[in-house]
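Note that the chains are named A, B, C and D in the order they appear, and that numbering of residues resets to 1 at the start of each chain.
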Amino acid sequence: MKNSIDNIFKEAKNQNRPALISYTVCGDNNKENSLNILNSISENIDIAEWGIAHNCPTADGKEIQNSSYRALTNGIKLKNIFQMVKKYKKNKFSKPIILMGYYQMIFNYGEVKFIKKCKEVGVDGLIVVDLSYPDNKNFARLCKKNSICFVQLIAPTTSKQRMKEILKVSDSMVYMISMISTTGSALKVTTRKIMENYKIVKKISPYKNVVIGFGITEKTIGKLKSADGLVVGSAICKEITRSLNNRQNPVTNVSRLVKNLKKKTI
Amino acid sequence: MKNSIDNIFKEAKNQNRPALISYTVCGDNNKENSLNILNSISENIDIAEWGIAHNCPTADGKEIQNSSYRALTNGIKLKNIFQMVKKYKKNKFSKPIILMGYYQMIFNYGEVKFIKKCKEVGVDGLIVVDLSYPDNKNFARLCKKNSICFVQLIAPTTSKQRMKEILKVSDSMVYMISMISTTGSALKVTTRKIMENYKIVKKISPYKNVVIGFGITEKTIGKLKSADGLVVGSAICKEITRSLNNRQNPVTNVSRLVKNLKKKTI
Amino acid sequence: MKLKKGVNIIDQHDKFGFYCNGKFGGNFVAETARKPIEDLSKLFEKLRKSKKFLKKRDFYFKHYLGGETPFFKLNNLTKYLGGAQIWCKDVSAINGDAHKAYHATVNALICKESGKKFIAGDTGAGMFGKNLALAAKEMKLSAKIFMGTKDISRQAPNVKFMREAGAEVVPVDSGSKTLVDAVSECMRHYVSNCDTTHLAVGSAIGANIFLKICAWSTSQISRELKRQLIREFGEIPKLKLINVIGGGSSALGFWNEFIDYDKKHVELIGVEAKYAAPLATNAKVAILHGAAQYCLVDKEGQIAETHSLSAGLDYPGSSPLHGLLKDTKRARYTLASDKEALNAFKLVSKLENLRPSLEPAHAWSECIRIAPKLNKTDVIVVNNCGKGYKDKKIYIENIGYYPK
Amino acid sequence: MKLKKGVNIIDQHDKFGFYCNGKFGGNFVAETARKPIEDLSKLFEKLRKSKKFLKKRDFYFKHYLGGETPFFKLNNLTKYLGGAQIWCKDVSAINGDAHKAYHATVNALICKESGKKFIAGDTGAGMFGKNLALAAKEMKLSAKIFMGTKDISRQAPNVKFMREAGAEVVPVDSGSKTLVDAVSECMRHYVSNCDTTHLAVGSAIGANIFLKICAWSTSQISRELKRQLIREFGEIPKLKLINVIGGGSSALGFWNEFIDYDKKHVELIGVEAKYAAPLATNAKVAILHGAAQYCLVDKEGQIAETHSLSAGLDYPGSSPLHGLLKDTKRARYTLASDKEALNAFKLVSKLENLRPSLEPAHAWSECIRIAPKLNKTDVIVVNNCGKGYKDKKIYIENIGYYPK
């Protein structure tokens, strides 16, 4: 598949730049705008992560909490998310899409039904924040069976032994958390330190696409650009909040931000 | 009509308290919540003002601008507003409802069509911020013909002569702006000064119901309670903003605020 | 599904931390927290087998918390209700005024052992927060207590205690501004600081290790009660053990030693707050705060808002262990409204020299409801797990007075 | 509807301030602003008849703004395009670099007369803001200039001028962060401070009195031009007066003296920015900033977002007077894209010693488009109403250079 996650990484690599991965919450600040945002940034990103809003997001910082809250307040439901993914995928400039959420949302919907629906609407990958190895083995298998990329996470606290185990069972894309933190706080480690961790992961699995996320902003993205991919989430969510607080158009503002992010990765 | 604006004022007078009038923007922070808010505060208010969001609200302060912006961002349209008024009026605890807006919204929709629709869905009154005397004569006549209370405004800058003219043509309810200001800034005059102005108006027209608005908060409402009615707008809109910023439920928070406001008027 | 006899209920999980064939519990936590949680599990398993640690715990329970809490019969109430004998296990007499004292003390001890200098905990009613603050002070740890702003205002006396003990009270102003948000925020703090901070979860909830530590700590109550029962009755009589359930730490401590008994012999009754009653109302199973449990959710699976006058009960979830006790029918769960709890307080405080806080008032309400229908040979024991002072203002607002 | 001959276009309104049988203009303002607006109207009507005031105005125009601006033929461009004679009324040569200088100066004079010490104005390109700041300084008034943050960043040189002249530049960060929001915010400031502050609206828009003051002030341009034409040609030749339109103040000033002429004799051509062209694209009539006018709106009647590389043109509305000129067919309106304006700048600045700002570059674009099709006897006059220095950065970004 031309537009598969794997190909996207290859393409970025050919262009000698990291894949740029956006994280926004589906339905933030409302259904219409969140789709508009995704469509408008699609020319500058390589993969889109879309958060499934949950009202008890224990691993998210303030920015993504705000986004989730707005999405929920404005009525987002799983049903809508699936519809919106489908709609997005019809856009010919659409990019691979990864849904990211807490296990409760999937559990409540039903794992099997959830994955079936994902496949049906064209979801390319899944990240489940609080379903970590080895508890996720069963779910990962289900994903594999349905050709959905299940993205495992690796944290700075993950031991090398555990890392190896995780990488062994992981799909081709792996998410490396940059620091000990919830999403969305400022980078509290140096980008050098992050790249050291990154190299450890890459040494274990040179052929996996390892993306780095948490705390990446316009300021820091340039220094991490030798990674396979970089995820920017809270910085985008924050821009939506800022726009709303100033009664500005979040679509144009986010679009401008992502353009700048892209610039700094090339 | 038992629940007419006039009767509402009579009833409040019998209870020796001012009518409490809320101002919220219809569709703030979204359609569902704004109706929920209105329903939940209805036990403590006497009249509800519902703002028609406009994206160029030149007479509104920051708080109401925020509210209008949220409502628009979340897709409010005049069509929805009429539907929501209708729905609200079906609630047996509903109060008289006054729509408030800028003339552009009415002009664009068509004056006659607008008033017809208002009557159809049960709007009790109208305030048009930027359609002042004598430019509003024609519109006021249309309202009268359709038994909709057209609320004239009087400002601290209004001369006594002009006041007399306005009061002469006005309907039974009149809105006295407390100070030279847009909506929603802090009271910059003393409550004593406001009540002096109020007495001037009442002396000219003892039988009109004169409500005071702009800048009234929990802190000041008690000192104005001898007026016929008091409008609280920005303080409510601000509470919605505050709730959203803290990811709290705006419905319960506004409901609590209005309960406190009511307490302070009795 | 059947409970295993002779195995502490906290240990009846599989290797993934699940109870009841995977239905309850587990470790639904972010990757970042896996390692510190694993470390904590190892440490705890070591400590609970360490004589030295147990001795230290017992020393603190005795000298710092004041030792055994009283067990006595309520003659007036028994007479007034005219049915079962009503007894009180007055856990509120502990230094710290509630069962949370055990759990807070143990957590501080574990934190000490782990070498960490910082301890973070959530609190609803403020009982756990207060006790954690005091224990942290005692053990020279730096404490952060996460508390909803609604709870900060309705449980002000406890907040004062915490601050005076030198703890930082972190106000949580999001969502419902109550316990559920405080726990979330505290867990976020942990995810961000798990390298330096020990997490003390305030009830028998959270990922596997946290609920184990909690229930293990509070089980001191039932050890005492067992001794006291035998002292009084020469045997374990036909019992009904009534306990309020918020997260469920108090009940688990109160019941722990009696779970192996037949339910006809020792009946376990949990009382939830009416609008925060996942166990009594057959709520769905949901993942909340790291574990699968009975939990109030909406159709979409979002965690529902709850209401209780009692800050300690205003929580949508419940301990996975209570899920297990419910599914195995070992305990039964019921509920009491704010009104019923207030009425129970009125009656109990009128007839007896007891001033239960709002939480145990729920248990008293159930006691008052069932006692008249029972026989004199039936023994009801209510866990009076919290002192009323913290709710003085709420009582005055709602019933007009607070007895001396 | 017909225009009245012999009556200044600004005075062709009814007693409610409407033009064109109530279709354009009016006073859609909050009650609070009625009285100060009425006071201002009275003051203005008095002043415009006062010889003393007119003398003062003329004095300032001559000595403070530098007197008559040049009028000359562009021989190279005329030759290059090979059609009509192309002449330039170089308003940008004024002290203040744009026609806004007249309007700002008059407003400051009126403010002075009114006894108010504070003056507030909006600005898009910063030309009005800069001139108002300078005039306020000259007349010892305290000035607040409202400007969108997008404009603050793209028109930085003018912001520097304003600040150096001692004005407070109030950044407006809401909505599109451009002129439309700056005007709204400035009007809000006026509603809140109308007892102490004079409002200077930056173009021929707003409630009746504001557009009158504006167009009255800029009409100095056409008075000069008329004299200059007669000086050059001995008569008023067959003319095409091309002017860019943002709000429309520049065009109204340029055209004022020629409106009574037959359109076959003196054709009036207004050029809007492509995506901010309510007149050229037959937009709806809407109420914006106090007056009915052609304005870009969406289906719901909300004011639409516009786009133009030129901050001075990035505005959804248009002067009610242009509505009148359009409906009576006295003027015709067309548009130019960013690209066309940039190309016009390239050509004009290459062939002539002119550096128009982005706004007049739109007028030049229309001139370049039509000149080749006309005869040598046709005279095109373009109002070169602004200097290019403020757009240096934008030109460099878009065409790669800025000529010396």
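Here is the rule we go by: contacts are C-beta pairs under 8 Å (C-beta built on N, C-alpha and C of every residue); 3 or more make two chains touch, one makes a residue touch a chain.
Quick caveat: nothing in here was measured; it's all calculated off a predicted structure.
Colleague: Once the contact rule is applied, which chains count as partners of both chain B and chain C?
Modeller: A
Colleague: From chain C, what is the lowest number of touch steps before chain D is reached?
Modeller: The least step count works out to 2.
Colleague: Go through B-D and A-D and name the pair with more C-beta contacts between its chains.
Modeller: Top pair by contacting C-beta pairs is B-D.
Colleague: Measuring centre to centre with C-alpha atoms, which chain is farthest from chain D?
Modeller: Comparing chain centres, C lies farthest from chain D.
Colleague: Which integer distance in Å separates the CA centroid of chain A from that of chain B?
Modeller: Once rounded, the distance between the two centres reads 45 Å.
Colleague: Using Cα averages as centroids, what's the distance between chain A and chain C in whole Å?
Modeller: Roughly 38 Å, centre to centre.
Colleague: Using the average of all C-alpha atoms in each chain as its centre, how far is it in Å between chain A and chain D?
Modeller: 49
Colleague: Two or more other chains touching the same residue: where does that happen in chain D?
Modeller: Residue numbers touching two or more other chains: 174-175.
Colleague: Quick check on chain B: which residues sit in contact with 2+ other chains?
Modeller: As it turns out, chain B has residues touching two or more other chains at 65, 69, 247.
Colleague: Taking touching chains as linked, do they make an open path (line), a single closed cycle (ring), a hub with spokes (star), an all-linked set (complete), or other?
Modeller: other
Colleague: Going by the touch rule stated at the top, which chains touch which?
Modeller: Inter-chain contacts occur between A-B, A-C, A-D, B-C, B-D.
Colleague: Please name which positions on chain B make contact with chain C in the complex.
Modeller: Per the touch definition, chain B meets chain C at residues 246-249.
Colleague: If we count contacts the way the header does, which residues on chain B are in touch with chain A in the complex?
Modeller: 29-30, 32-33, 65-66, 69-70, 73-75, 244, 247, 250
Colleague: Name, in rising order, each residue of chain D that touches chain A in their complex.
Modeller: 173-177, 305
Colleague: For a test of understanding, state which residues of chain B touch chain D in their complex under the given definition.
Modeller: Interface residues on the chain B side: 54-61, 65, 69, 72, 77-78, 102-105, 107-109, 129-135, 153-159, 162, 177, 180-182, 185.
Colleague: Could you pull out which chain C residues touch chain A in their complex?
Modeller: Residues 16, 26-36, 174-175, 180, 184, 187-188, 191-195, 284, 286-290, 292, 297, 300-303 of chain C touch chain A in their complex.
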